[in-house]
Each structure stands twice: as C-alpha cells, then as structure tokens.
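First chain written, first letter: the chains are A, B and C, and each begins at residue 1.
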Amino acid sequence: MTAVAFLDYLSVFVFALTGALVASRAQLDLLGFLFIASLTAVGGGTVRDLVLNRETIFWIANPRYIGVASAAALLVFFFAHRLENRRRAIDWFDAGALAVAVPAGVGVALDLGHGPAVVVMMGMMTGAFGGLMRDVVCNEVPLVLRQGELYLSAAFAGAAAALLIRWGVGPTPLALLGCAAVTFLLRAGSMTYGWKLPVYKSRPPRNRV
Amino acid sequence: MTAVAFLDYLSVFVFALTGALVASRAQLDLLGFLFIASLTAVGGGTVRDLVLNRETIFWIANPRYIGVASAAALLVFFFAHRLENRRRAIDWFDAGALAVAVPAGVGVALDLGHGPAVVVMMGMMTGAFGGLMRDVVCNEVPLVLRQGELYLSAAFAGAAAALLIRWGVGPTPLALLGCAAVTFLLRAGSMTYGWKLPVYKSRPPRNRV
Amino acid sequence: MTAVAFLDYLSVFVFALTGALVASRAQLDLLGFLFIASLTAVGGGTVRDLVLNRETIFWIANPRYIGVASAAALLVFFFAHRLENRRRAIDWFDAGALAVAVPAGVGVALDLGHGPAVVVMMGMMTGAFGGLMRDVVCNEVPLVLRQGELYLSAAFAGAAAALLIRWGVGPTPLALLGCAAVTFLLRAGSMTYGWKLPVYKSRPPRNRV
C-alpha cells in the first residue's frame, strides 16, 4: 500500500466517524448516517481528484473506501450513545482526520509534480472540504471556520512543513509524516490551550484615537 | 433513445419543477427560477458524470436538457399560483424525480461495469444531490435529510432492487424499472402512511435503568 | 495574454476581495481570509472547467491565480477597517467581478464551439458560483438570489449580448467586452436605481376577484 493510499483509508474512516456523529445530532436514520458519513469521508479527496484531473476518483477506483466509511457509520449508529459528549468527540475525531487528509492531499499534488502553491492549496482543500460539506448540508456552523481556533492555519502549516522537509533532504514519506504531525499538534494545541491567530478586527485600537 | 437518456429527460423535467417551486417560495424573478430549476435538474447527473469521469457531462453533450428545465421553470413561473399547496407539490414532484434519477444513476454505473458499492452510491448521489443543492442554496431544510421519512433509504432500496434483478435473469431495462418502482413506492408510502426507519436515539431505553 | 486569461485574472482578484470582505464579517483569521478569498475567486471558473471537461483547471495550469487571490486577501485583512461600509463594498466589488466572470465563462464556451444554450449557462454559472459558494459557506444570504435585484438576469443579458454581437459581424473580444458592459450596467443600475424584473407572486390580482 502506498503512503497516500494508507492516509486516504485512515482519513476516510475517521472523517466518516465525524460525519456519522453529526448525523446523530440531526437525528437521521441509518441510511442518513451512511450518506453523511460517506460525503464527509470522501468529499475532500473527491474534490482533490477532480481538480487535479486524476484518471479515476480514488473511491471509484477502489470501492473498499465505501465499505470503510459504512463500517464507521454503523459503529456510530449503534455505539454513539455511549459517548459522554458528542460535540467534543466530533472535534477530536475531526482533528485526527484533518491531520491525515492534509498529507493525503499534499502527497497526491507532490506525486503529480505540482509547485508549492498548488501543493498547499490541495492540502488545505483535501483537509477542509469533507468537513465543510458535512456541516453545510447538516446546517451546523462549519468547524473549518470556527472563530478563534487554528484549523485552516494548522492545515497550512502542515502543508508548509511538508514542503520544507522535501526541500531539505527528506523523502516524501517523511515529509507527509511531518505534515500530519504539525497539523495535528497545532489543531490539538488550539483546542486544548486556546492557541490562535489574531482575527480580523474591524476597528483596531490605533483608530480609536 | 436509450433507457438512461429517457430517465435523464424525465428527471430533469420533474426536478426542474421542484426547483422552480422552491424558487417561487424564495420570491425570485424569472432568471432565478431558471437558475434554481436548472441547478436542481442537472445537479445530481452532473456530479454523477464528474465522479464517474464520463467523457462529456450529459447536458453539455445534449443542451436540449437545458431547454427542458427552462420549460419547467416557465410553467411554474406562470401557473404555480393555481396550486393549493406548493410545499406538498414540491414533495410529490420530488418523489417522482427521485424515482427516475436513482435508476438514471444506477444505469450509468452499470453500463460502465462498476461493482455493487459504486452502483448503489451513484444511485443515491444522482437521486439526492440535485435536491440537496436546491435546498442548501435556497436555505430550505434539506428534504433529503428530513427526519422520520424514507428518502435516502428509498433510494438505497431501489438501487439494491436493480442489483437483485440483474443478478437474477433480468435485463438492464427491467432492473431500472424495478428500481424506479421500489424507490417511488417506498417514498410515496412514507409520505402517505408515515413509513419510516428507526432514527438514532442518543439515550435508548436500556440506559434509562 | 488571451482575452479569457485577462478576464480570469481580473475576476479572480475582484472576487477574492469580496470573499475576504465576507471573511472579515465572519471574524476569521488570516488563513480563513485566504481560504474564503480563494474559494470565491476560483469557484466559478473551476466549476466551468470541470463541467466543460477542460484538460486542466485554469488555476492548476497557472498557480499565479492563487497568488493574485492571496494578495487580495492580504489587502483586505490589513486595510478593510478603512472602509466605511463593508456590505456596500462587497456589493460593488461583486458587481465588478460578475461583469468579468460572465464573459470569462462565455469566452471559454465559445472557444470550445458550444451552442447558445451552453454558452449562456456557462456565463451564468461562472459568474454566479464563486459568490454562491462564498455566501453558502459563510452563511450569508446569497447575493446571487437577493430579491428584487438584477443579478442572474444581468448575467443572462450579458451572455445574450455576447451571442448577438457574434451573430452580427463582431469578433470574439468585442463580444466579450459587450458582455461585460451589459452585465455591469444592468447590475449597477439595479443597485443604484432599483431596476428589477417582476418577481413571482403567489396570488396575482386577477385571482382576488
């Protein structure tokens, strides 16, 4: 199994868990769980493959991904009531999925020989689009855009780390590992310790006289 | 005309009716009707064709589909005020469109030789995405995800029925007919008699001591 | 630089300004600005290129578009607080971007030899989808569908004007210029003087006895 295939499997499973948990908040039935779980799980990678014009979308080439997403949906459907706090579980699973989806996007773009701007965009898009579709369709406030947390910034830093490692002596698998680590640490640190970037302020102090 | 082309025409027309009816609830002008009607009408098939990497999107290959969607939009713009209950009309037209869009997705996936998981996903996606885009863009609660009704489940059962008929001795047109019938009967039964699957309950009785 | 490439650059820059302004209303951080600005800037053209099955998406073929969108995002992040009225700025920049994105869509469809229905649809979709994604993701009421204003109608009229000029003796660049002018004048007139088309009325006077 290639590094990208492994990352795709892992992010499909974990994003599917978050999709099914959001479906549980929306009180959907089993097929609703499967649909939202699949949408979340394969959304980012599908957009990546379409935009990069890969010959076949990853989950069409290998339908086992759908099986993986369905297994995650079933797991949540039958066991989610044991979770103390579903909103918190969604946040943490989503952080894990982000940390594998970003290198999955970065890895494909690197394989195809794209330059840094496309590599970074693909990392961010592959990481962000599944969760964005999940939240827009289920009418939740998009986690991707939650104020005062690192999310897209964590994805950006992870993709940048991958590029830096590659520009040094690093082989691609190491670069993808570094990307996953940086993304997860920043996202987890943000959720745990409140790390954040300054947000836009419409009236900064220097204008208040 | 092939079976899939016929199903595409019919689902384009009927989904366009639902799109235009939603546009009428949003008080849009004529071009707003045409846009939402077209988006709803070709949305599911466009996603299907993109994901399956068909050479040309169906309505680009044959722009008469746009004419069909426009005719439906005009019809609604000038005659919808005669309807007693537009919300109810949307639900029933949507049920009819779903029952033709699901086999349209199933038929394309079967033609391309895909396995059961992809066939079922394509049936559900082709059936669900047009209505999902319509409702997300017009800020309606997505019909696809309405609680306590069979929708995605009806699409799933229809796609599964098509596979079963094909695995027996059935030719593809019969499988698609069976798919349409099963999808429509389940959806219509759900709207009329309240048929539904159990939804996820966060605290099932066995936990209440 | 071809006429379409020039239009793409300009619409990317101006749509990115609107995306970043919407990001400022949502109080996002710098990476949030970059993401929403890029989504808005390349959304319409990406859908156009996917649906028309162009060999490479325009901003993958030439990543400088991402640089242009990022520059616009930075500009807004650091200087938007100087604007008196961001909502009004969004409307006017969006009008300008629409007026270049519609001919960018029309031009590509004409180049590929498509018929009038596809040309008009591509104009409307390229013009409308970026702003639609921006507003749906950031949970704003979609500008594209705002009641009692010309928006899709302006795009439609612009695309129609391009076709008329081409059917006369006009060369393509003149047709695209005419398209931009008609789109902008109608949109600007609508914002300034309240020009609009009649909207759908569920109970027209003749039914009130």
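In this text, contacts are C-beta pairs under 8 Å (C-beta built on N, C-alpha and C of every residue); 3 or more make two chains touch, one makes a residue touch a chain.
Note that the coordinates shown come from a computational prediction; the quantities given were computed from them, not determined experimentally.
K.L.:
Chain B and chain A are one sequence twice: same or different residues at the contact, by the over-half rule?
P.N.:
Chain A vs chain B: different; shared/all numbers falls short of half.
K.L.:
Can you grab the rotation angle between chain B and chain C? Superpose on CA, round to the nearest 5°.
P.N.:
120
K.L.:
I'd like the Å distance between the centres of chain A and chain B, where a centre is the mean of that chain's Cα atoms.
P.N.:
About 28 Å separates the centre of chain A from that of chain B.
K.L.:
Quick one: which residues in chain A touch 2 or more of the other chains?
P.N.:
50, 136
K.L.:
Quick one: in the complex, what on chain C touches chain B?
P.N.:
Going by the criterion above, the answer is residues 50-53, 114-115, 117-118, 121, 124, 128, 132, 136, 141-142, 144-145, 147, 152-153, 155-156, 196-204, 207.
K.L.:
Using the touch definition up top, name the residues of chain B that touch chain C in the complex.
P.N.:
23-24, 26-36, 38, 46, 50, 55-57, 60, 63, 66-67, 77, 80-81, 86, 136-139
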